[in-house]
């Protein structure tokens, strides 16, 4: 986009073109994030109402109350903005924006579709986790700066919770990364192109289990019930949000929904095929960029719809959980995450490794070619072109020697290991 | 069916144990009662709680009643001014009830403002702790030996004991007028 | 010369690193709170990381081939990982100290035995 | 400090932090009104919990000394405003005991009917509020929907939805309107599945069990010593219900009725087999049992209401009405306890020969139940405090009077 | 008008943020504010890493430092501070000595930084790649023992170290395990000794073990013994 824009400007104004392109992209993402928050809020109200035998919003914006989030937002904006006398004013003001920025910045690396990604980073998964973890200091900041004991409790709970769920979450994320052989979200999703069976969650039972653990940790990550301890209203009033009102409160609220969408997006890409539908519609219809830009764009749009649908499916599950389950206690959260999720995730990781070693081409292929396979490693490189491509990628630049040492990588590894062993 | 502890033997046993303490008693009434001297209350209470033929494990309620009379009284009553403490007990094991009655002067040694004193039973029944606080708060009886005798329903700095019959509500509390 | 139009070199990074380093040292000198000292150490380690990354970056010098390339990043990576470990141990020590001495004042930590 | 029995969860905490004084309430979402709990905490662990009450003190006993016994009935409504029928009944029976009145059998059946309906309504709030305290909002809405139906029935009966002034000394204020009994029956028919739903989302819910089982354990000895009554006492395994074990003037109302006392004796509840089983982690006298006892009592009360409808409609004539407004009281005292939903509600009336009592005393069940909170909360986690307070099902209107 | 170099602009932005926050760490008396100033400084350094083309490292910095270490630090602050606004002040003598030493050090460092010409000669913007070049795979392979970025090095001296960082990687992982166990062991104080020193809090007699939700204690053994009445 930036390059197209630059063509319209005088060369000396290239920087302006790039600025406009960057700002437009950021604005677009922001709009997406805000829309996501609004739709999620509406969904939350409607779904919770259904679960509780109510109707939910029915007035604002027609029969289904579409505009209720907007009305709520306007109402909250009109509220008095109170900063407690005991608060650390600067930090108190800064915290909600930091929280929202952390949630929002994850969208930066989240691919909505094949080419619809703000920053196609090579280490997108890692970047996602890193940026998402920034929400934690924001919450702690809010809890501390409020000058309220309830807020402080919320902050301490958040800190205790984060050290529990982050490890199993990361372990679960490692599994699809390992299977795909890349940290790039776009690449991982691309590898799941095809029918439903090519989604990573269906690759083997261990990934399926990892997806389950991922779901639990995602709930904990977004502070949603039954893990909403930092804002547990029954004991901590509203936890770290106790002293917030008006606009700043809304910002926290939107950060929660933005984070929900982001983590659901991560799950969708890592496990549920990203923007690829259960039926490879775009391939069947030929909606790819090699069939022309319009076809490619349509394919991307279709993919984005698919992806957003999956995200909202995840959000719906989260809402469903919230209105069904009571809240866990802090020691139960910690023991759940540390005592159950980490071993489970480790088991899934190990299981996945073994499975991949035994059947690198998947069950069907391995069983079908039982007689032909000699070396699992060889088969690995043979039947997983993506993995091969990833491995050879660093060398594909100009000047790289044709017969590189990379081909001897397994041997090198073995040598290094033996050196280590002998050294001891 | 609940049954009152109306066996005369029970009363005799009690009188034998605490000769001076039992002032009056009627175990055949609908609500059987024993009037106990104030200073012997804990001993009698512990006895009726623990003795297998009484077993009054539960203290249901402590009530302070201000029997008050002066020249302006219109009620047609004949009592001498005094305060009565009623301890309603019940036995779950024997399904019986008992009321201990303690008669106190309205003021200690007749000096107005000096609260009458009675030993606490909060170490015998835990529930007495709050009930005694309430009686102290509203009726104005000092429970000697109570671990934490503070007002419970009224504000900590409230003046007077509202359930005394001669209680005059203050005109205002911390600047808030009391209608 | 407009600094915003000039490209950035290794020197720029080194200057930032120097400032961070000095701030970290000052922090270590002046804070009496053990946690404050810990924060100073983190700053110093980060200053080193900035330099390492700058020396390894191929974007910051004209003769990019002579940079230490990935070595810089890898070293910085090990620094970060070990700094995290160091922070954990230091915090454990501080907590242990606090539990026995009821203070985190480093000036009072003059005994080896708790 | 040797615990009598070791509970399910034990926390060994090594990093000790500053103690903090946390004031829970009087404005707090989970203190069920204007209760204030002063908590001394070490991190998440509650070292001591001190209840402060009296924020809702309205001098009910003092007011009772100024009004005739008929005039005082609306004030009893305001004690436990979630179970006003039972409050009315306790007062009416005490006055009747003092005056030596006996009401007709038909009146008794009607009183049983409304009081047991009221018990269902009160327990619905009590159970779902515990769910709400643990962060489960949905059952709260379900229970309130059902309670609303009961309130509609009461509104048709006496015109009020909350403060009924219906059961009065001498009888009841009005006869049920035509078709009302049929409506009651319809309500009961559709009500049964709702209890099953509650069992699914709360009783057998693993998270709920983890949050309540083994929490706030009260031994029968401690409970009795604290004067805890009602579901709180029965949850400790003491089979004690004044509807069976009370004074004759009260128990004769229930003599003809078949119902079980929801208390675990000999290792099982009388409803065993028809209701979800007790989870292994639950300890007798914990929050889970208190909740469970209430749910069982809802079922028993529904059965009693069915019987009451039958018995009432079989009898001819009208229920008796109230005594005259300025009935003179004898120079005597009467104390009577009845089984209100929250526990044993006692009224003491001392007459001085005039129409106005010399002294009125209210023995509030929640007052005694709450006094045990200090004992129960010692050493629990902060998040357990709502689980304990919620399972006591207190109403501050009755505690503060 | 000369084209604005956004790379430079962002560099100055992050550099100013990093230096400012680092100064704030030094100058803040309040320990929690210090911690958050440190978060800002480390976050800004992560930005500088991105600008130097080290995307993986930047993310690592955010994840480990800002998300992890800082939570740990703030947790420590909250656990050990008597009140949230707790400060320990140093004397003026400390400050003067520190400033003098710091100024000397800064001079030396800046002189060193400005010394080499090669460092001060950045490449013209045209030479820079238009997009971020991925370093993730290279770092990963280097950790596994293969250096792919050194294959085209003209300088034989710089070509050394082709084996990568497998050994340090393994050592670091063992080190982390040791640290994990060590930290756990250290923080587990078995009992609290009598507080010496100033500022000791008064309550020392808290039982080490508390039973959750167990209120089963007999009240001074004076409870009534009660057998539940039968039906």
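Letters A, B, C, D and E name the chains as they come in the text, with residue numbers starting at 1 for each one.
The rule we apply is simple: contacts are C-beta pairs under 8 Å (C-beta built on N, C-alpha and C of every residue); 3 or more make two chains touch, one makes a residue touch a chain.
Since the model is a prediction, treat every value here as computed from it, not as a measurement.
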Identity of the chain that, by mean CA position, is farthest from chain E: B
Chain nearest the global centroid, as defined over all protein CA atoms shown: A
Higher-contact pair (C-beta pairs counted), C-E versus A-E: C-E
Chain at maximum distance from chain A, centres defined as averaged CA atoms: B
Distance from the mean Cα position of chain C to that of chain A, given in whole angstrom: 30
Separation of mean Cα positions, chain E and chain B [Å, integer]: 66
Rounded Å distance, chain B centre to chain C centre (Cα mean): 72
Chain B and chain D: spacing of chain centres that average the CA atoms, whole Å: 26
Contacts with 2+ other chains: residues of chain A: 156
Residues of chain E engaged with two or more neighbouring chains: 3-5, 56, 60-61, 68, 72, 75, 78-80, 135, 138, 149, 187, 189, 192, 201, 219, 224-226, 228-229
Shared interface positions of chain C, touching two or more other chains: 95, 99
Parts of chain A lying in touch with chain D, wherever the complex brings them together: 48, 51-54, 149-150, 153, 156-157, 225-226, 228-229, 232-237, 323-332
Sites on chain A touched by chain E in the complex: 12, 14-15, 18-19, 88, 91, 121-123, 126-127, 129-131, 133-134, 136-137, 140-141, 144, 147, 152, 155-156, 159-160, 162-163, 166, 183, 390-391, 393-395, 399-401, 404-406, 409, 412-413, 416, 420
Complex contacts: residues of chain B adjacent to chain D: 1-2, 30-31, 57-61, 63, 65-67, 75-77, 86, 88, 92, 95, 97, 99, 125-127, 129-130, 138, 151-155, 162-163
Of all residues in chain E, those that touch chain C in their complex: 2-5, 7-9, 11-12, 15, 18-19, 22-23, 25-26, 31, 34-35, 38, 41-42, 45, 48-49, 51-54, 56-57, 60-61, 64-65, 68-69, 72-73, 75-77, 79-80, 87-90, 94-95, 97-99, 101-102, 105-106, 109-110, 112-114, 116, 118-125, 127-128, 135, 138-139, 142-143, 147, 149-150, 153-155, 158, 161, 165, 168, 172, 175-176, 179-180, 182-187, 189, 192-193, 195-201
Complex interface listing, chain D residues touching chain A: 9, 11, 20, 22, 24, 28-30, 43-44, 131-138, 141-142, 145, 201-202, 205, 207-208, 210-211, 381-386
